[in-house]
Amino acid sequence: MVMVNLILILLVGGVLALLSERVNENMPRRVALAVVLFDLVYFLIHLSGMPELTQLQAPLPDDPSTWLMHFKADWIPAFGISIEFALDGISMLMVLLTLVLGAVAVSASWTDVIVRRGFFEANLLWTLAGVLGVFMALDLFLFFLFWEVMLIPMYFMIAIWGHENRGYAAMKFFIFTQASGLLMLVSILALVAVNQSATGQWSFSYFDLLNTPMAEATAHWLMLGFFIAFVVKLPVFPFHTWLPDAHTQAPTAGSVILAGILLKTGAYGLIRFAVPLFPQAAMDFSYVAMVLGAVGVVYGAVLAFAQTDFKRLIAYSSVSHMGFVLLGVYAWNELALQGAVMQMVAHGFSTAALFMIAGSLQERLHTRDMREMGGLWQQMPRMGAVAMFFVVASLGLPGLGNFVAEFLVLLGLFQVDPWLTAVAALGLITGAAYSLILMQRAFQGEPNPKLVDQGLMDFGRREMLTMAVMMLALIGLGIYPQPILDIAQPVLQSLLEVTP
Amino acid sequence: MDGLNIPLNHILLVSSLLFAIGMMGLMIRRNIIFILMSLEVMLNSAALAFVAAGAHWGQPDGQIVFMLILTVAAAEVAVGLGLVLQVQKRFKTLDMDHANRMRG
Amino acid sequence: MNAQLMMALMPILVLSLTAVVLMIQASVKRDQSVAWVITALGLLLALWGAGYARGFTQPVTVLLMVDDWGLFFTTLILVAALVTLILSKDTFSPEGERKEEYYLLLVLSVLGAVVLIQSSHMVSLLLGMELMGVALYAMIAFPEKGQRPLEAAIKYLVLSACASVILLYGFALIYAATGELSYAGIGLKASIAYAQNPILLMAGTAMVLAGIGFKLSVVPFHMWTPDVYEGAPTPVTGFLATVSKGAVFVALSRFFVEGQLYEYQSLMTALAAVAIASMLIGNWLALRQENIKRLLAYSSIAHFGYLLVVLIALSYSGAEAGLIRESITFYLAAYILTTLAAFAVVASIAGEDERKNHIASFDGLFWRRPIQAFSLTVAMLSFAGIPLTAGFIGKFYIISVGIQSQLWWLITALVIGSAIGIYYYLRIIFAMTMSSGMSSGMSVNDEGEDQKNVAQDVVVSSQDVLAMLLLTMVLLLGTWPQPFIEFAGRL
Amino acid sequence: MRELIWLIPLIPLLSSVTLMLAGSRLPRLMIGIAGVGSVGFAALLTLGTGINFMANPEPFQLTLWTWMQVGSFAPGVAFYFDGLTLVMMSVITGVGFLIHLFSTEFMERDESYARYFAYLNMFVAAMLVLVMADNLLLLYLGWEGVGVCSYLLVGFWYQNSANGQAARKAFIVTRIGDTAMALGLFLLFTELGTLDIQAMVGIANETWQVGDNVALIACLLLLAGAVGKSAQLPLHTWLPDAMAGPTPVSALIHAATMVTAGVYLIARTHGLFLLAPEAMMAVAVIGIATTLMAAFTALMQSDIKRILAYSTISQIGYMFLALGVGAWTAGIFHLMTHAFFKALLFLGSGAIIHCLHHEHNIFKMGGLRTRMPVTFWSFMIGSAALAALPMTSGFFSKDQILLQAYQMPGMGPWLWLAGLLGALLTAVYSFRLVFVVFFGAAKTEPDKDTGWRMALPLTVLCGLSLIGGYFIIPVQDVFPVGSGDHPAHWVEYVSISVPLFGVLLAYLIFHTGQLKVDSLVNSRIGQTLRQFWLSGWGIDWLYDRLFVRPYYALSGMLKSEPVDAIYGLIVAINQTFNHWLSAAQTGRMRWYIVSMVFGLVVLLTLALQISPEVL
Amino acid sequence: MLEITLFYVAATVALVATVLAMTRTNAIHALIYLIVSLLAVAVIFFLIGAPFAAALEIVIYAGAIMVLFVFVIMMLNLGEKGDQQERQWLLPKIWAGPALLAAVLFAELLYVISTVEGPVSTTAVSAKEVGLALFGPYVLAVEIASMLLLAGLVGSFHLGRRYLERDGFDDRSEK
């Protein structure tokens, strides 16, 4: 029930935020923050009863009771559809990430959104609810439902509060994800049909569908359906083109959620569904996936380098970083998977922070074009320093979370394919190139004469607090990632046993 | 009236020819009155086919359908001619090619 | 005719009686509000009748088959008719007088639809279809001014009559081949006739399909749809889109199932071609359409393409027959409710002003009429098949059935079509989120205007109530479909 | 003491963090105290630990915590302390302290005083981690950390975009090497199952024969990292540009410590390199090639810092040569002495620049001998050590390198000869600098001589440069012992005399002008060579054409997102269909009927395709 | 044999009259040809043993329905101008395509029909039989047909009344 409550709190909180606008136009953001924090605290309280991190039990795919939490209630028994949630280490990490970044997103929207705040915060909370659903649902129908539904409030956030080209971006975002979602729906139904013809039982439960016997060709096709849906969301070259537009046009909070959380649903899906449901097919396919990942790493980095739009650059850097996740997942050994999980968490923080910086700049300068910036450090030293921190985090400086992630991924990948590792490692170099050019163009260099006397506000207390949370998180992940690794380890252990 | 040896396919042939002629009329005429007439021809051809088929099976059903077709024809023509009057009034023409305000 | 039969015919009887009462009322004193009340009462009574008749399901003569399935659709159609009636009162009033005939025609058209739904015989099919159609022609042309309604009516009349003739000719050929006019009879004799002379039977069936396909507006018989949708008064369009199409599809399924036509390969090929073409072309046509009624017309083409997948699945043993029937039930119900919701909004926002049918006139609806906008949004999402809406469960059914029957080509077309569809449904939603002069979500502060609009909207109108009701049903079917699935399974 | 070595990097780190967070609010004095004091404290701790270690020269290891554990991959945040570490730490904290002290005066008037010390302290911390790391991953952390600090400090005056450019170049070029090194780490872990250096070397010796191919690849990858960090061919191009940073930074990072990290890395993993003789050879060849290339280039430069930068490259080349020929101790020894005299030279040049209003061109200086005596003597001593004149620290270290190179079987004499040529050139260019800057007529007037905070470090470093050659570094237990036999005496004499000859040449050419080289220089070949050497052998130009421009071109080409064109095509197809189909909706009824009939014909045709079997 | 000869004559008349009806420019002329065609079809009905149908064809079709057309044509007062227009509209380039399409359709139907064998009927279906069936199993159809006619009536009443009430025959004033 805890898991259902987590979602319900956000859903109801969204309605409250919507209604609170009638009280006072500043009310919604307070309500939203309170709701997210309450949700977080609620979750933490229920986690406190958990065993020590190092003594976590491996969640067995055929026995939900070995999971941290499990909830099942009938929903549409006619099709064997139930409201089934379950929580293991990875979902737990993702839920925590979602809630923390959710609070960050609310903070990002604090002064950014000035019209229809109630509806905005409501959409934000509903998106979070949808994402939580994705991370916890273990009934494929329910999963698909959350997968699709979380996009709608996100769509509204982009379409209503986005920037100049928001209609196009929102549309592109929605169509890409929905069209690929349709493929997944077909795959899910086909999988269920195969399972049904084998067992005579309709069931959408993950636990029942694992180990569905099927012909090799069938498995390949079905796997592809899942794969495409997930890699579009991740996103992976060549399905990534929605992302730069969506991220660039979304309001700051939207970008934070998109980059910080939404992309991770794709990675989560790959780890949770695409591979375990079709282990053999996924392994047969892994080389293609890894090549896509490696290409994505380099391609995203090269394109990021070419951008002049601050947010677009960060968006492409996400493409590059998510390439590592794909590599990690399809290398499918413990090192690489741990790296992928780590990357999901670390990238969530680093990119969210960068988007917040971009948003703050846009709020102050009314532009995202880096050609119109320059030398901003002088006027806004705090922002500059913070930006520098997250830039070096995103280029993978050891001691920060992203490094651990990328290193583990590459280390794991090396054991599978050294040459591909070499290609992917190019991303470290190109990553440095775009990260530093970002810093150079916005914060360093000659100050833009037009901006000198603008009296630009440096980061204030709220912003610094938000940033501090993320900085501490990244440092923590960088120098002592063990808790995360310990939480993920049993899960990955049991996942690794699934594959031949 | 026994011993009617007319081959069924000949009657159907006549009927299908009527059908095709009616169809052609429908396609080439622009005047709404002629279009309605073409419809009558086609309805009549279907009626003929039904009566012939009914006769072939020795059942009254064919003729019953024929009668119902008559009813249908009457009802449609009544409304259709009503529309013709309105068309003349509002479009100042009976040319249906002019009634193309809605397209795309 | 015994009493049992009369009981079974209750909805038809009630509707006929309503028509007669309306006639009498008009001859005594013309008063359109009285006529409206009588019509509403008649429809409600018929609804009751449809429930009542469930106890007496049986074939009624050779013509009609009263069963739970048909009665369910009767109920659905009566609901749609009621919605049409409510919309007609609020938004459709030609010259403000003399709508008694309109109500009478509405009742007659519903009667035709009910006959069509329960038809088990070619004659009742023909009569039902024609009764529904003839009344519709007049309803479409009902407004006393303007060329568009008239143009729509004449197009619909001529094309529909042409389609009817094709259908009739097809039945004539089937009759010539089998000597049977009832579906069951055709089903019995068809295989023998097919063995003797497959060509006659196939040609006849193909012509019947063409005729019915016209009414369903599937490609290539779809051309009339946008023009008629656009030209007809909006409530009538809603009626046409729900009652007429729904009833025809039910009749088609009956004909198909009882006539056992799914056994013939060539027919299925033809039908599959029609389905694929409908799914793709319907969506393509809608892609950049600016007029919302035309857009809905094109989208309906695609939706009936989706539905045909289920019929085609009949011919493959992969899917259970019960599931197929359930799929039709669910999808049609979802489609009808969604369409009603959409037209309820269009009718109350755009009314009969043809300029307001442009998508641009929905700009900022979220801030002007939130309930209407929300309702239309849900309707669009349901059309697009997004989860939590009835449309999603419907699509879920169709894909399930398609997969079980391994109709991969059709599923591919369905996926492509749906993907295209998302674009134009979303365009409408996007238009509703815009606000005039708001170039960026942050730069222009137009709250003043919005506040004013919100203030106006505090009063909830009857249209809003209607929209809310339909919206609730669409969402309920999407979120908690189990009771309905059970119900549909028992039909 | 030993348990407290973790404090050594921590104190500068804490100071750095403090300065970052609160720097803008602290008074300058406090900033200076924190910045210098923390390093001084670290130096004292190092000293204490060193004394302790000398008393009981037993290497030890200290694990703070397991950094991350994934399966068998469990690198710790762990320090390893032996003689080599001690040498490195002493250099870093000792020289570092002096440079910090120097900076307090040098940066006195800079508005970002706190930021400067924050970066510098962080650098010291990272560098300490690098040399203290017990495993290659932690070493890599320090390795990257110093890279970032170097980037930050090179681009310290960020408002000039040329500085930013130089900083980025420094970071990215070294990152190329770092990436190769990371691949080496992957390979080593995959093959050996651990990254703990001591354990790894042990396992490697069990697993691999001498000359094993995998060992060779691993060593080459590590070498690539070292080459990048230590600015050796072919990744040396960043170092001259890195002179854009404040001069004390050049002294600390780009002369004394960071650039020698590559040498340290190879020395630290010498156990692996010994398994791959070809890799050793590569190290030696790269070293000697770099030495010569950089020496020739230094000869042509006119920017004082660039001369020193190329000289640094050249000297590190000697260290590589030493490592390549197995003269580990000599290499490290040269590392240390080089740290002394090169820091001295850089600080000296910093003093000049500081006092000459940021003048970098040596030909605009002159006659500074009398006006800046402290600086002059610093430069004299530094240059003497650099040129390896007898009895200076550089003499001892370089002499050892040359002698051991000579002894190398096979190529030895050739390496020795090349080394000699390098030594000659070193003497020429270093004294060219001295003569041009400090003798002759004055061209610019310095406003003052150095203050005490600058003079003190200079003096101390002078002392170290002079006597550093007598130190005995405690690495005898770290490296395998050499053969111990000495080459013929004439070799030694030649080695001693060559630098002297170089000084003489410089004297004759640049001071008295008795040796006329103008005709040689002005000949066509001379001009071409001059240009060629001046531009650093055209390597920058080559890289620009080979990598930088293509990369810009590629990114410019891709900027319009070619992948989107695929989706654009899909959209276009759909729009075309929409266009055609909409055009078919003419609104004419007759056309609609025609289409219906056509549809009927098609449907009939399809339905009449009767197949024999019934479903 | 007589019947067969009569059938072919009637069929020929029907077809020729229909073709003529479809190609006339004057509506009244066309209508008269149409009536001829209907009468010929009535003869065919009679010949294939459906005398009742033949009677209805003449009385209702040729009689009642065609008269409706006549009324409307008279009301609209289509004159010589209309004839000329019709002539222009009937150029080959207009009808060639549709004619081809109709020909293809006919060819397909011909192919279908050519497979039918046997005589049309051996016995006539009497009016009594038809009546019994009509008021037996088909009684509901009669009822529904009445509703259908009602719908037609109401519809045409609504449309026609407005034509008569508002502007009468002359609508030139409304330009």
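Structure notes:
When the chains are written out, they are named A, B, C, D and E in that same order, and each has its own residue count from 1.
FYI, a residue touches a chain if its C-beta (ideal position, glycine included) is under 8 Å from a C-beta of that chain, and two chains touch if they have at least 3 such contacts.
Owing to the predicted nature of the structure, the values given are computational and were not obtained by experimental measurement.
Least step count on the touch graph, chain A to chain E: 2.
Counting steps between touching chains, the shortest path from chain B to chain D takes 1.
The most central chain, judged by C-alpha centres against the centre of all protein C-alpha atoms, is A.
Centroid analysis (C-alpha atoms only) places E farthest from chain D. When chain pairs are compared by contacting C-beta pairs, B-E ranks highest. Per-chain CA centroids place chain A at a distance of 42 Å from chain C. Each chain gets a centre from the mean of its Cα atoms; for chain B and chain C, those two points are 27 Å apart.
Centroids built from CA atoms put chain D at 76 Å from chain C. Computed centre separation for the pair chain B/chain E is 5 angstrom, with centres defined by C-alpha atoms. Among the residues of chain C, those in touch with two or more other chains are 123, 127, 130, 134, 137-138, 141, 154-155, 158, 162, 173, 176, 199, 203, 226-227, 289. Among all residues of chain D, those that touch two or more other chains are 582, 585, 587, 589-590, 593-594, 597-598, 600, 604, 608. Those residues of chain E in touch with two or more other chains are numbered 98, 101-102, 105, 108-109, 111-113, 116, 138, 141, 145, 148, 151-152, 155-159, 162. Every pair of chains meeting the touch criterion is listed here: A-C, A-D, B-C, B-D, B-E, C-D, C-E, D-E.
Taken together, the chain A residues at the contact with chain C in this complex read 74-79, 112-116, 144-145, 148-149, 152, 155-156, 159-164, 166-167, 170-171, 174-175, 178-179, 182-183, 185-186, 189-190, 192-193, 251, 363, 366.
Chain D makes touch with chain A in their complex at residues 20, 24, 65-71, 73, 77, 137, 140-141, 143-145, 148, 151-152, 155, 158-161, 164-165, 167-168, 171-172, 175-176, 178-179, 182-183, 185-187, 189-190, 551, 554-556, 558-559, 561, 563-564, 566-567.
The touching residues of chain E, counted against chain C in their complex, run 108-109, 111-113, 115-116, 137-141, 143-145, 147-148, 150-152, 154-159, 162.
Chain B makes touch with chain E in their complex at residues 1-14, 16-25, 27-31, 33-34, 36-38, 40-41, 44, 47-48, 51-52, 54-56, 58-64, 66-68, 70-79, 81-86, 88-89, 92, 94-95. Against chain E, in their complex, chain C makes its touches with residues 1, 16, 19, 23, 60-64, 101, 104-105, 108-109, 111-112, 115, 123-124, 127-128, 130-131, 134-135, 137-138, 141-142, 144, 173, 176, 197, 199-200, 203.
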